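Okay, so subunit A shows up in both of these, paired with subunit B first and subunit C after.
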Partner chain A sequence: MNKIKKSAYAGTLESSDAFVQIEPIEEDEIRVELTSSVEEMYGDDIRELIKSVIKELSISYISVKVQDKGALDYVIKARLQAAILRANEDEKINWDKL
Partner chain B sequence: MESSISFSEFDFTNKRRVKRVESFLNSIGLDFPSSIEYFVIAKDGDKLIACGGLDGRVLKGIAVAPQRRGEGLILSVMTHLINIAYSKGVKDLFIFSTPNNIELFENCGFKLIENCDNKIILMENSDKLKLYKERLALHRKDGNTIGSIVMNANPFTLGHQYLAQEAAKRSDWLHLFVVKEDLSEFRFKDRIKLIRQGVSHIENITVHEGSDYIISSATFPTYFIKDKGEVNELHAKLDLSVFRNHLAPALGISHRFVGTEPYCVVTNNYNKNMKKILENPDGKSNPIEVVEIKRVEQDGKAISASRVRELLKRGDFKELEKIVPHTTLEFLKNMQGKQ
Partner chain C sequence: MKLRRSMLFVPGSNTSMVCNAFVYRADTVMFDLEDSVAISEKDSARLMVYHALQHFTYEDVETAVRVNPLHSIYGLLDLEAVIRAGVDIIRLPKTDTVEDVLDMQEVIEKIEFKIGTNKKTKLLAAIESAQGVVNAVDIARCSDRLMGIALGAEDFVRDLHTQRTKAGSELMAARAQILLAARAAKIHAFDSVFSDVRDKEGFAREAKYIKDLGFDGKSLINPNQISVLHKIFAPSRDDVEWALDVIEATDNAKEKGLGVVSIDGKMVDAPIVARAQWTLELAKASGMLGGDE
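What follows is the complex of A and B.
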């Protein structure tokens, strides 16, 4: 499992988007803090989604904060991936993996 | 109706645009906050419809024109502000606002720290307060009288030493907090070192590093420009409420000790507010008794750090020797030697 290099963010606070902040932590876990305007209906699904996106990239030791304003799944996924790429300052992006 | 909203960012050097923000805020009945570094504005055509500012770690002057509220403009303004902050390497942010805006800023990822008198609120977008409280709680000691002192000690004098000794005598344990902000003549690193040396003979004391939550530019911005007499009473009350409701309970603090303040009006007012806020019998947390200890005098004058700075400028070490402990004196001599 990999650590991210530094903290980073992606997205906006606007409707139908999500604002994602990630930070490296000491513990071997994926810590998710979600605030969502659709918590009642989709909260658990979104948390699952966040965890699975991070696991696909073999990352741990990470804290993820998401302010969701009713974003669709692929928006959240894209914002999260963008934040992780920024955190690792990846120059070469492995598009197959994303 | 057609409309094209555009956003732009600029800093305080752009006088002409800053002026526009100022008149916009005034036109909707808001004061223009002092010392904003970066601004964000939203315009519809040529008309200013929303704005916001960043000052270090604090977001200020966020407003939307009344006829344009409810469109979510504030979310765009906040996104821009957070982007600016991130690009400057600042990710833990604070907001001062009024209680009617709590929900609005909660939607932007901020959490309420304190609501003072239902007039002013402080919010933050991180968990740093919780972490700070947890770290403090590790230093908790048992006892009936758990004392506390908050000092800047710019630099540490015999007056500070006397206050610490007296407070320690009257407490089972004493927690001393050092203001962390590097806005004083002496750096934090040096101030805390001199305090540690100057209280090393006291057995029942813990010296704590301050934080953003105890007289800092985040909780109490006007403290550091007190020479201008611009201290905002609400800021002072807010700072004290955070101390009472968050920091004191973490350590079980029952008393707060302060030196009497004969000279500085600002500090004197702060001490008055301290009694009001900390001793108030009804509140979210246990009241804290405020004990004023008379300042030590030397040649009929109370010892103060500002006097030390004055004497230092003149290089008058003979006089300095009378009002600072030898550890501080050594430091000042070394400092002078290097210059």
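What follows is the complex of A and C.
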């Protein structure tokens, strides 16, 4: 499992979007903090989605804060991936993993 | 020929528009990764469009992406993303020469080969300069992937040292050249956006004008313009009745083994039949024959 290099963010607080902030932590875990306008109905699903996107990129030692404004799954995925690519300053993207 | 009256521009950085654009029923949804996206958001817009293109909501919608130029650091990354995601059409920004199209085609072919897709991504060249207009005839003929050429008026008028007017006289030469080049190459011709979204009458006037010139459709920046445009492109009831008569007469003639048909004393030949078929396609799409709208 890999660490991200630095803190980063992606997204907006506009309706249908999500604002994602990530930072490296010392513990080998994926720490998720979610606030969502649809928490009651979909909170667990969104947390599961966040973890699966991060695992897919073989990343751990990460804290993720997501403010969801009613975003579709693929929006959260895109914002999370953008934040991780920014944190790692990745120029070469492995599209098969996204 | 596929119906392409409306091509709705959707900024790749506008999440709400990206997620919802499919509901407006434009003939083509065009995600933009170029001018409408700030430099700081190029990466996130690319990812957003990459995922949107694969979402089921865009399964039955024709999609295009305006990518950044190949000479920028974003162009190749944009292509890598959206071709993998299965986009139907790549809109080339600022096409000045045949080489611009062929260079883009070469990169697309390499990516398609690398990912092992059988899909042949189509191209749409945006003509946005005097040089592009002068070369439009060669550009329109240079690639079998090219499905159309489009006028990009904002950059074009700047290049011409003038500005856009409601009358549109500054675009007269470019529109004529682009239309003729497209027709000679048997590809689509698209008119530029009408930027003043508050001026509904001005938009309708311009849409009617470019339809009468012969353009297939128009790029749009606001979903509210779609229904206005589709109404303008809808055939009249008389046109539809005439088209139905033509098709019925030719079908009857075929059954009877007759080579020549006439309606009201006028001979019906292949171009007339083609125009009748096209009129019925438009009528279907406009909801006049139990079609889509």
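In this section, the second predicted complex is superposed on the first by the 98 of 98 C-alpha atoms of A that agree within 3 Å, B and C clash if a C-alpha of one lies under 4 Å from a C-alpha of the other, contacts with A are read in each partner's own complex, and residues count from 1 in each chain.
Keep in mind that, in the parts below, a residue touches a chain if its C-beta (ideal position, glycine included) is under 8 Å from a C-beta of that chain, and two chains touch if they have at least 3 such contacts.
From a predicted model like this one, the values you see are computed outputs, not experimental measurements.
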Worksheet item: Clash or fit: what happens to subunit B and subunit C when subunit A is overlaid?
Response: fit
Discussion item. In the overlaid three-chain picture, which partner chain does A:19 touch, first (subunit B) or second (subunit C), both, or neither?
Written reply: first
Discussion item. Quick one: is A:85 in contact with subunit B, with subunit C, with both, or with neither? Answer first, second, both or neither.
Written reply: second
Item to complete: Considering only the touch criterion stated at the top, classify A:7 as touching first (subunit B), second (subunit C), both, or neither.
Response: first
Worksheet item: Draw lines from the C-alpha centre of subunit A to the C-alpha centres of subunit B and subunit C: what angle do they form, to the nearest 10°?
Response: 120
Discussion item. For A:67 in the superposed arrangement: first (subunit B), second (subunit C), both or neither?
Written reply: first
Worksheet item: Which partner reaches more residues of subunit A, subunit B or subunit C?
Response: C
Worksheet entry | After fitting on chain A: smallest Cα gap, subunit B-subunit C, Å | 5
Fill in: Interface residues of subunit A shared between complexes with subunit B and subunit C
12, 14-15
Worksheet entry | subunit A-facing residues of subunit B, complex | 72, 75-76, 78-79, 82, 86, 91, 106-109
Worksheet item: Touching subunit A in the complex: which residues of subunit C?
Response: 15-16, 19-20, 43-44, 47-48, 50-52, 54-55, 77, 80-81, 84
Fill in: In the complex, subunit A residues that touch subunit C
10-12, 14-17, 71-72, 74-75, 77-79, 81-82, 85-86, 93, 95, 98
Worksheet entry | Contact set on subunit A toward subunit B in their complex | 7, 9, 12-15, 19, 21, 35, 37, 65, 67, 69
